[in-house]
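The structures considered in this document are given below.
Next come two complexes built around chain A: one with chain B, the other with chain C.
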Partner chain A sequence: MTMVRGKQIISTKQLFAILFLGLMNHGYVSISRWITEVAHQDAWISTFLGGFIAFVLLNIILLLMKRFPDKTFIQISDEVLGKYLGKIPGIIFLIFLLFFTALSLYLLVSLVSAWLLPKTPIDVIIISILLLQIYLTREGIKVLGRFQEMIMVIVLLGMPITFLPYFIYQNHTLLMPIGGTGVVTILKGALPAFYTFFTFFSLLILYPYVRKDASHKEIVKASNMSILVVTILKTFYVFGSIAVFGEKEIQFFLYPLLEYVKLLVFPVIERVEFMMIFLWLFMMFSGTVTTFYMANLTAEQVINVEGYKNTGLIIAIPIYFLTRLSQNIAESLSLFRLEGAVLSIVLLATIAFVFGLSFILQKGGENA
Partner chain B sequence: MFKNFLKRAKARFQPDKGLIADTYVVEGESSLTHDFRDNICRLQIIFKDCSDIVFREFEIQMDKQVSAVLIYLDGMVDRVTLHNHVMRSLMGISKKDYPQELSPLHRLNRLKNIDIMVGEIKEEQDMYTLVNNILSGEIIFMLDDCDHALILNGRGWQARAINEPDTETVVRGPKEGFVETLRSNTTLIRRKIKDPNLKLKVVQGGKKTNTDIAIMYVQGICPEDLIEEVEKRLKTINLDGVFESGYIEEFIEDNPYSPFPQVQITERPDKVAGNLLEGKIAIIVDGTPVVSIVPATLAQFYQSPEDYYERTIFGTAVRIIRLLSFITSVTATSLYVALVSFHQHLIPGEIVLSVAETRVGVPFPTLLEAVFMEIVLELVREASIRLPGSIGQTIGIVGALVIGQSAVEAKLASPILVIIVAISAISSYVIPHFSTSYSLRFMRFMMIGAAGTFGAYGIAIVWIGLLIHLCTLESFGQPYLAGVAPFRWTDLKDTIFRVPLWMMGTRPTVPDMKDIDRMLGAKGDREDDNGEG
Partner chain C sequence: MRVLKLVIILSLFLIVLSGCWDSVELEEQFLVWGMGWDIDEENPNLMTLTLSAPSTTEGAPEPYIAVSSSGYSVEEGRKNIQKQLQYTIEMGHLRVLVISEDFAKQGILKFMDSLGRNPRIGRETKLVVTAGKAKDLWDLEHPSNLLPADYLVELLKVNAKQGITADITFRDFFEAISNEGQEPVTSFIRMSKDAKMFNAAGLAVFKEDKMIGKLMDIEVQAFQFIIGKCKNGTITVGESTKPGSNSITFCHRRGGSKVKTEIINGEPHIYLKVELEGDISEYTADKPTVDEEVIEKAETAVTLRVKKEVEKVIEKAQKEFESDIFGFGLYFKAYHNNYWKSHDWAKEFPEANVHVDVRVKIRRIGIES
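Now for the complex of A and B:
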């Protein structure tokens, strides 16, 4: 029977879920280690600052997207730069997304490999996740939105458990002296923290799909709410981990959040961290599938084949090889920093260039 | 080859619909003539070798002696109506009632309007329609020298009494269920919703069976585009026979390859009535007690009419139990397989020893052991369903006690696994909708396979795949997970929870209807109309 397909629209609640899970996913289990390495006991301040930078940039992006309510960044650059030159920003964005997805995927796969399937070849795990991502992307943005909403409910149900170790084992002296590392160190730490918020760039693609059903104000509200909630949560996790372990001990852990949850012991459920890994698998998959979908949609729009169902299959190939680039988690961490530094500069410059030109050429907004 | 192609092409464009029994009776093209004998002869050719078709010829004393015939299908006509109302009124006519000479058509009209004492009479000229009406149990009356016939409603046949449906029993609530007769079923619904806005449209399905398929909906609540969509999809059914609602389901479902049903079925009139008031459409097929309701959402399959008859707190509790049973049914066995095969360190110290002890001597890996037990369970289940009640119960006991216990003693399975398989089997039957338990059983095998291969990770990826699949599903363009994804606070009141009825001020948001207000009444409310008038 022919399917009666609704429009490809996502609601503001779905936007919140997509951003929330995407922002949470990146560095969720390791963020304490990444930031304390640079900012020591003040890592939580750096995390908050990183979130704040992302918050500011997100609002700038929203302001810019307001001028083109029915277009994605790729379509905007097509309009501003022309048919051929307009593809370049799209390709840069695509490369960024491919790297970013591969890195997120590697973090997920390495966690599964280390904790659940140590003897299984890593390729099998990568391929199994990629196949699920391809399946989801085939069905369009509407299904992505619904899926993320479902997962958010599951994640939120398990989240209160992660607050418990702090309330039981906290030792605030481990956080002292607050600000003792100095402003420069804190600001240095804010950079890797900011990199963990990269998913906010997906608004460059998502905006027109939400705008069909909601006002700009509602989108701003949902996006800001998601980034604020995630900033608070991530800051809490870093704060809590330092308060429980201390910044030096955290450096010994590959996944500090797991060690932090491991402190809990319930009757019958002795290994709480495994239960949490099971829940986090859903969250981490959702985070990676968002960037995978963005890469898929960007590729489709760059080559003008939007709606083609098998683009995910093509996108999965480079992502697979990029995922295999990292040999271990330490390497992936260096890659993460490199990618964060290079791509964020290039991408931000590209976005600034495209929107700057649109202002100069008086495209978009009232003139659109 | 070219000849064959031409033959196929010709057959493709041949208007086969409407041809009856190789005669030239085509829908809309063959009419009765003034030749009474010729009309009877044509019908006799059509019904050649149909000994249950009765041609009762007789004379009526009107302005002159006129030949007439009654044609009906024996067994499908109510004999009381035929004898006491039709025959008696026709044969009781005397010449003094017809003092003036009349034309044949005037005679027929007078009989229709004055003499024949039957509730529903239609005049018809098309031969194809007449044939179909005979087969549907109507009485056809033809008069000499007249090119029109009368269709007298005399339907009546042996039907099953209205009983409580076996598959949807309730402790509290109406004990009536649908039967195999379309009219009885529509009446059962009408009795629940006494509103002129309850509309009923009938279409025919099956080229040979000409089965009546009724569409019922409440105008003003049900969205117009949904009604159009249902009608459009029903017209695509190109089968020779429709015997059960399952025949049409596969044609009208959005995704027939999914293990999850996208059409809700029920044998309970109260359930249909409740759904009609929520803007849904009921599709009733003649000859089956199973009524289909569209569009369907997953949450509906976990609801029972009893949820609304019992106190709200218990209604909600039962729904949460059903939700948990859905998870248990799909995951319990696979979780055991994953824990024993991959993550033994997650089993608490005291339990791990007893699990290890029970597995001593079992030669199979846990995966095979679990699959073996599940297959045995499926065999017992299938056997007990197909057998008569008492034997079915015996098989159940044999399966549960003898095979279960023997398998443990023979060291083919561990006792803990037997318990877990039993729990997951019971969980799958907590769900009120029987077809959904098929989906769960199907999913369970997938889950066990994944758990035996990838442990807990396998369970997670199958669940993720399952959730993605559920998110892709739609029923008549409406999201299958409506209420949860897309998430709507207002729909939660009657999905996972069952809030008090006085708090259900609005209807569910799926399907997308105009008249959302359940309590104040709006369009089509007769009291409001009276008030305004």
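Now for the complex of A and C:
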């Protein structure tokens, strides 16, 4: 059985960056709308709960991956289920990643198209971004890790600006009554919130690449730190946007985050949100690159050609067509919910099945 | 071969990333600063849209251009204006939207849609209702400012800082109209008789999206005391022009309000506390010595005046407008949610019991005593 390639190692710092950007990317621009639609003024509690669910699942995944420290989920399923049956979980994971990347890409493209390049054909924007993703992922995870580390610094430096509108315009009566929507509604809201934390699944692929250079404990620390920071940031942002706009007004916005920063008025800088868009573009792009790379690696490991440099070119084709599935942002939001509901259940079931079987067959861990 | 590949890839990027689809030269743009809405004079079913922009052509005879056209919606009006222009209309710099009083009375929300939908339009754009026609505003010849839109925006900003008016933006309007328990207001202006100046001392009061009345002068100040946004301004008590009378002017520099709500015997009670701090900026007595006694008397006089004005405005909103422009309903929704769910606040507000408590503190008396 092949193990991860020796040259491809990332540090725990890079793991933190990849997880942080991936977790932040998915839905950050629209999260307050998606969740207030369900949980109204209590959406921030749902967001926190969504992060907590992701935190619990992430730690379960970490425990399971500890049993196979040098293998990705695809390689684990090969070992547990055998040469042919073992491909099925890999294929399911690949389908999930293709949809996930396509949807994240569409959200990124629609933002660019609506705010920055309204006259540029959408295909040109998609293809440009895909070309850049192919280029960035050609050299493997090491280059990707360094890229994400650099982007994380830029994003973290710009992040405090997004808190300013809350401190200037907050009206806490808009958050009241806290818990007034009821436990059931808050829990219902936690589900779409959880979908926005979905990229914690990256650990199923990334774990062995970090494990070469770090202990399990260090990986647990970096992963938990990333999900904790993102949960706090997302919860505070949803809390802040409800306190500024109120849950009703948020329903009018497709990109509440940009409406939120649009409130800032600085001397000389007329359009603050355009500066902020570049920050989100970095973040969203970084998030899509991670899932794009994972789709590459999954495909390579499923057909046992790991290290082939042109996988990106091939993977980009289905991603392009899947991205074109959404004709507009409203459709993509429906797809987001569908994808979240169906794929999360299928994926969680697949992961549970593979690891469950590994326990029954006593594979991995001390028996490996 | 490797270099050739690189050149081809980079050339491809040049084509797709140059942004050539979206580039528009500044001189080719009609940079809209001001927009006006009127009911069409010939066909009342149509709206007349006016767009005002500074001239971007070098050597243009006028510093700005104002073009009007009619349509069934803002976008249709914009398209009809475009027919008259050699420039591309660019809305990203819109600074003020002026709506005529007649138009505002018919309801404005559906017409605001295109402005909220356009990502280039800022939420800090001012929203104003004008007496008379919005179309006429752009003909104003102010002696010190060549651009009417610029003059209007600066006028609102400066007067809002002094508590004389409130510069209401798209953000304020959308927030008030979308929140249950609050009704919107906008700035209200009127042109001077010689058509050279605006008077910005008013607020247009709305119920849902229809204008139903206005608050003028001291009422605007009282409104701002109630919502806790009047940090600066002056209040004069007494009439010094009358023989034997004198007046005192209180200049407030800090202020705020607190609202508490209760349900007593099924009835809504609102406890409003207004606090102001400031200076004496004028005392027109024969012997203008300001001692402790005068300060105490002045505090009492200003307190009574502010209380009276605040109560008058609340009564006007309750009885005349039946519109909760202060957002008291937000507190009932937040803190008495069961009451909120079982009652229609629009019907309850006119009958709500409002208890006003005003505290005024004089901190400075100028450099004469």
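Note that the second predicted complex is superposed on the first by the 362 of 368 C-alpha atoms of A that agree within 3 Å, B and C clash if a C-alpha of one lies under 4 Å from a C-alpha of the other, contacts with A are read in each partner's own complex, and residues count from 1 in each chain.
We adopt the following convention: a residue touches a chain if its C-beta (ideal position, glycine included) is under 8 Å from a C-beta of that chain, and two chains touch if they have at least 3 such contacts.
Please read these numbers as outputs of a predicted model, since none were measured by experiment.
Of the two partner chains placed by superposition, chain B and chain C are both touched by A:T120. Of the two partner chains, neither chain B nor chain C is touched by A:I219.
Contact with chain C, but none with chain B, is seen for A:K248 once the two complexes are overlaid on the shared chain.
Of the two partner chains placed by superposition, only chain C is touched by A:E259; chain B is not.
Contacts of A:S128 after superposition: both chain B and chain C are touched.
In the superposition on chain A, A:M150 makes contact with chain B only, while chain C stays out of contact range.
Once the two complexes are overlaid on the shared chain, A:M176 sits against chain C while remaining clear of chain B. Of the two partner chains, both chain B and chain C are touched by A:R271. Counting contacts as defined above, chain A residues 116-117, 120, 128, 270-271 meet chain B in one complex and chain C in the other. Those residues of chain A whose C-beta lies close enough to touch chain B in the complex are 1, 3-6, 11, 13-14, 112, 116-117, 120, 125, 128-129, 132, 135-136, 139, 143, 145-147, 149-151, 153, 268-271, 274, 277-278, 281-282, 285.
Across the complex, chain C is touched by residues 114-121, 124, 127-128, 131, 171, 173-177, 180, 245-246, 248-249, 251-252, 255, 258-259, 262-263, 265, 270-271 of chain A.
Note for the complex: chain C touches chain A at residues 9, 12-13, 16-17, 19, 21-22, 92-93, 116, 119, 122-124, 171, 174-175, 178-180, 327, 330-331, 333-335, 337. Across the complex, chain A is touched by residues 229, 233, 236, 251-256, 342-343, 345-346, 348-349, 351, 454-457, 459-461, 463-465, 467-468, 470-472, 474, 476-477, 479, 481, 484-487 of chain B.
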